[in-house]
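First chain A sits with chain B, and in the next complex the same chain sits with chain C.
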Partner chain A sequence: MATTTESKSREEAPARVIQFSRIDAGAFPFLLIFPAVLVILLVIAFPLLYSLYVSFTPYELLRPNSLNFTWGRALRNYQKLLNDAIFWRSLGNTVIFLAVSVNLSYLISLALSQLMARVTMGQSLLRTLLMAPMMFAPILVGMQFRWFFNANVGLVNNVLLALGLIQEQGQIAWLVDVPLGMITIIIASIWMNIPVLTIILLAGTLSLPRETFEAAEVDGASGWQKFRFITFPLLAPFSYIALTIMSLDIARAFDIVRIMTDGGPARRTEMLWTYITRLAIEDTKFGLGSAMSWITVLLSVLFTLYFFRQLVKARIVQ
Partner chain B sequence: MTRKLFLLVLALALASAVAVSAQSAQDEAQYAGLDMDLSGITIKMANIGGGQYEAMYDAISVFEEATGATVEIVALLDGFAIDQKMKVDFATGAADYDVSWDHTSFVAQYTPFLLPLQDYFSEEELAPFSPAILDAATIDGNLYLIPRHADISPIHYRADLYNDEAIAAAYMEATGEELTVPSTLEQIDRQARFFVDNGHAALGYTLAGKEEALTGRFYEMHFASGGSLFDENYEPTFNDEIGVAVAELLAGWYADGIIPSDTTSLLWDGVAQYFCNNDVAIKLEWYGWYAYFQDADSCAVAGNFGLARGFTGLSVGGDAVRPSGWAGAHAFSVPATAPNPQAGVQLIKFLSSERVAYEEAQLGFLPTRGDVWDRVIADASGADNPLDRERLELARIQVGEDFKTPPLIAEWIPFSNIFYPHLQAIILGDVSAQEGLDAAAAETREMMADAGY
Partner chain C sequence: MITRSVGPNRRRNEIIWNVVAWAVLLILALPAFWIIMTAFRPNIEINTFPPVWIPRQLTLEAYANMFGLNPDVQQRVAVEAYLRNSLLASCLSTVIAVSLGTLAGYAFARFRFRFHTSLFLGIMLSRAVPGVALSLPLFLLFNRAGLVNNVLGLAFVYIAVNIPFTAWLMDGFFRQIPKELTESAYIDGCGYWSAFWRIELPLSLPGLATAAIFAFLAAWNEFQIVSVLARNNAAKTFPPGLFAFTEQFTVDWRGMAAMSVIMMVPAVIFVILVQRNLVSGLTFGAVKG
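And then the complex of A and B:
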């Protein structure tokens, strides 16, 4: 019986080969990637397009009938946002946060990477220690820094109090005062960003050709000159990759902001993410929240395009 | 003859044993909702969880055994998370559970998705519940929830400050009035300032300073002063003379260091921490923190505080001033899409029964049933600390007479999210009280118009 089945299969096999061979060779690769494309379309493209559709409707979660597109009010959410002072304030705060946090993170990481590149002993231990902040979820980082900067029982005020730099009655409201609220959030964000940036820049530094540095040393270049005219320009592709990753990843800071100040007080640290959450999740205004999310996406795309163009330029120069 | 006498004595003994047993059964708190055969039915429940909230659900095995039903708890989440889950489930039609969590502050936004319960409960069954809470749960004539336990805020004050003759004399000299536990906002203002200015307390007062907690405290001060957030047409009225006076009071307290410098970052736990540390003279605080404050291992204020009924508001409100009493009650509801609504109702009857409610009240929650109040107050009579009983007696008065929910509109939380940042700006001195409240009123008007008011 088994023998009969095997011989039957052998007879059928050539027929299958013939069927495959009928597929156009040009279409074959597309057939292979079709399942992956289908999954991506379902998982990524559909929700994105759906949220774009929702952004043109007055949809509120607890009013299911409001998920209703009409040409007359299609742009109402976008018009509303453009006339919304809180939106512009949130956008301004987000840009300030992004610019300061990313640039300062980069500068500190650049310095750290140069120092670490010179370490000859215990480099593995240093790298492991450096990676420690990456092991914390952003929400934990937020909680940790909120405690550090708590006016009543926080670490920072207690240290300042112990050193006699402030009085019991004059404890600093770190998370409240302007611009301390924003500064504390930026500090927490930088602490979280530094490991990734430093590792990328350290890898870049260690991969630079030694010959160039040796030639510069023969010519009598100082340490600063070697950094300014060799290391920094040659690191440009790594820098742009790191900055692109950081700019796209900065939305991870949402958890930190949410936990530390939640955009307050009095919207002093309100950012696009906290405002979107308030509108879409707490107030259930999904239409308005989606419109704001799409504006955020467009801004992120612009930032990324800028960094990619700089990256391409840097590579052409090299 | 002896035999007859013996039989008579035996009969009397038996009869009295039966009577005593019947009496003791009557004295014992009773379950409800066990009178229906629900064999083969699975009742799903999504409810609040965490900490002591979950102790009540242990009793469900009694319900299962008596009715034959199986109860499946599909979600036990904290207040914020269960609210989010329910909103999403209601919006997508996925609320396939028979019993859900509810709250008097949130019920208005859920009503299109809930089953009216008045036809499932007889007058007799509803009679033990606080009428004020049932009123708060009735919207357009429909009863949407059955209360589980409540909370409301009395004044908490540091007892040492009021028992010190030297401080009392100094206060009399400074203000010309006797130092008594405050009953009005103006008294609180005068006393809080006196305690701080004279170094008797680090802080005169505290309050939660963000989110719905801040909106609620303003709402409370405003209505205690005779005001109302909205008029009958839902036009904002919180920027009236009373609202401005309340906002100016808060801004003045912040500017003068009467309340903490990080007030606008504080929620309930942060506020409680200040009082726990013995740093605050007076505050309005939920009863729910009582056990924490009385724990000498955790709190310096343990054994050194007293309680009083909520304050009446500012005299700018004239004759309309009334006691504060922003309150809320956790509760049970039945989603309109429940597969087994009658079985869900039976489970609610059980969970809100005298026996289960009494067992939960023994954990420190404030009951919503009169019969349970009687029991817990009687139990507290033998407590070492007389404040245990005074607290319950006071709480019963407040829940019965002062219980006041926020406006029963679905837009309460969106309104709060508009309002509290403006109030924070006023407190921090960024804008004047009138300017800030007017801006909040303008935004609220737009939001209410969008919502169809």
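And then the complex of A and C:
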């Protein structure tokens, strides 16, 4: 951020920059930021540090005396997790889920944005249709897909039956069978991610300079070449902004998993988020749950940091 | 971007693109139509086999059941409590989060100061903390402070959760206002605060509306934190209410669809209102550093 602002202002108006930083000696902006930072420190930073402390204790809610820290047992919870097969399984599931869901959401949205950029009839109505999934809370998305993929009364099986693709006895247990449970959750999360990604990529596509494309056409570039060598590289900042925004909300997928399968059956779709709930809220093992929370915090923060850095880089290149 | 192949192919291609785009988006929006339709259908049509695809009659029965107007239904969901708590927590947190987030966003957009980048990044990263991870220590701390099952406590959490994204959006909106305006205000003797309050803030009202809507919907839709901090109907909002629905009864899909439609109302209104600002607010950071 600062690098870009600095280089930009240096080129454009050095005098103004001096004026901004000279008067008031920078105290005013800190006053503006202070209340926001205070609330974040109180409600997010402090509780997270507290949770780090709890993660070094064997704390269980029903045994209040267990909230005591001893150096010898500080890393006990983390050791337990490293030796816990279900933890590794939920970590694996989470990584697979994120990798597939984020990549497919991006690719589908990219394709959709290119498609929508060519529409000449009813653009604005089409955009309203695109925003339909935005009206759904994540918990609603999960509820809806749980119903659609229900083996007996679900819309998907009913459609397949009506088309004669499956028999009445051979209804597909979407939420139960092994790869299918994960696939249905991924479908639900992609459906939820598409609108914001597509809106941003579409806005980016429509803002690209037309002359570049005309020049490429004169040189005889094919549609694919134009996309591959002009549209896609120029869209980079938009792509990273979309991915950064998505990465901030990535843990919303918890709501979907919780209501669709709740990690089951037999932990087939268990993810870090659902496993934390099971350990801490259901089994009241707050120490162990806090240790795992910290792993998800680091994962989410690294994820966001990565896209944010890419975003800054992409803007400097421009 | 736009195909410009010369000759008769061009018209044909254009038709194909339009048809494909419309087909894809209708499929994308189909689940939304289906949920809304289900809320207004008689139960018998929903649960029959083979399924009835196009509704033959519409009814408000699901809502009569929900609001206790049907004497045959004894056990029902506490929809009034959910509505009250959802509105209270969302409105309260939106007003405060947008105020504080706007001030912070303005500082990031207009001033250079030490730790500019690290403060901005720190605020943004606080938003990346998963609700599940945050809910555990908050539960322990709120339990001591007597704030569990308290809507005001919940609203306080949502303020913190909503500040970062508001600051990000407002930073973008403020940077779209030409600097020259502020500078001439300084020359005319305006202080920093009155330049912000009298000139830049009024100009950023559309952005403010967009930020407010994002904050409202984030609080309105939040599930992870409220499901831990609200154990009874004194603080439960719609999302945990909907979740309780799946556990309480033999799953009443129509009842859930009916509640979903109520939950969607603010989102529908807001999406229609801010469609245009949404795009410029989200993408601004991409073009200017």
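The rule is short, and it goes like this: the second predicted complex is superposed on the first by the 273 of 318 C-alpha atoms of A that agree within 3 Å, B and C clash if a C-alpha of one lies under 4 Å from a C-alpha of the other, contacts with A are read in each partner's own complex, and residues count from 1 in each chain.
Everything that follows uses one rule, which is that contacts are C-beta pairs under 8 Å (C-beta built on N, C-alpha and C of every residue); 3 or more make two chains touch, one makes a residue touch a chain.
As the structure is a prediction and not an experimental result, all values here were calculated from the model.
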| item | value |
| --- | --- |
| Which of chain B and chain C A:I281 touches, first, second, both or neither | both |
| Contacts of A:V153 with chain B and chain C, given as first, second, both or neither | both |
| First (chain B), second (chain C), both or neither touched by A:S247 | second |
| First (chain B), second (chain C), both or neither touched by A:R73 | neither |
| Contacts of A:L62 with chain B and chain C, given as first, second, both or neither | first |
| Touched partner set for A:R89, first chain B, second chain C, both or neither | neither |
| Between chain B and chain C, more extensive residue contact with chain A | C |
| Which superposed partner A:A203 touches (first chain B, second chain C, both, neither) | second |
| Footprint overlap on chain A, where chain B in one structure and chain C in the other make contact | 153, 281 |
| In the complex with chain A, residue positions of chain C that touch it | 1-4, 14, 17-18, 20-22, 24-26, 28-29, 31-32, 34-35, 46-47, 50-51, 100-101, 103-104, 106-108, 110-114, 116-117, 119-121, 123-134, 136-138, 140-141, 156-157, 159-161, 163-165, 167, 179, 183, 186, 192-193, 220-221, 223-224, 228, 238-239, 242-243, 246, 253, 256, 260, 263-264, 267-268, 271-272, 275, 278-280, 282-283, 285-289 |
| List of chain A residues in touch with chain B within their complex | 58, 61-62, 64, 150-153, 168-169, 171-173, 175-176, 261-262, 264-267, 270, 278, 281-285 |
| Chain A - residues contacting chain C, complex | 1-8, 16-17, 19-21, 24, 26, 28-30, 32-33, 35-37, 39-40, 42-45, 47-48, 50-51, 54, 112, 114-122, 126-140, 143-148, 153, 155, 158, 161-162, 191, 194, 196, 199-200, 203-208, 210, 213-214, 217, 223, 226, 231, 237-238, 240-241, 245, 247-248, 251, 254-255, 258-259, 273, 276-277, 280-281, 286, 289-290, 293-294, 296-297, 300-301, 303-305, 308, 311-312, 315-316, 318 |
| Contact footprint of chain A on chain B as seen in their complex | 84, 87-88, 90-91, 109-110, 112-113, 202, 209-211, 257, 260-262, 264-265, 270, 273-274, 277, 410, 413-414, 417, 421-422, 424-425, 428, 430, 450 |
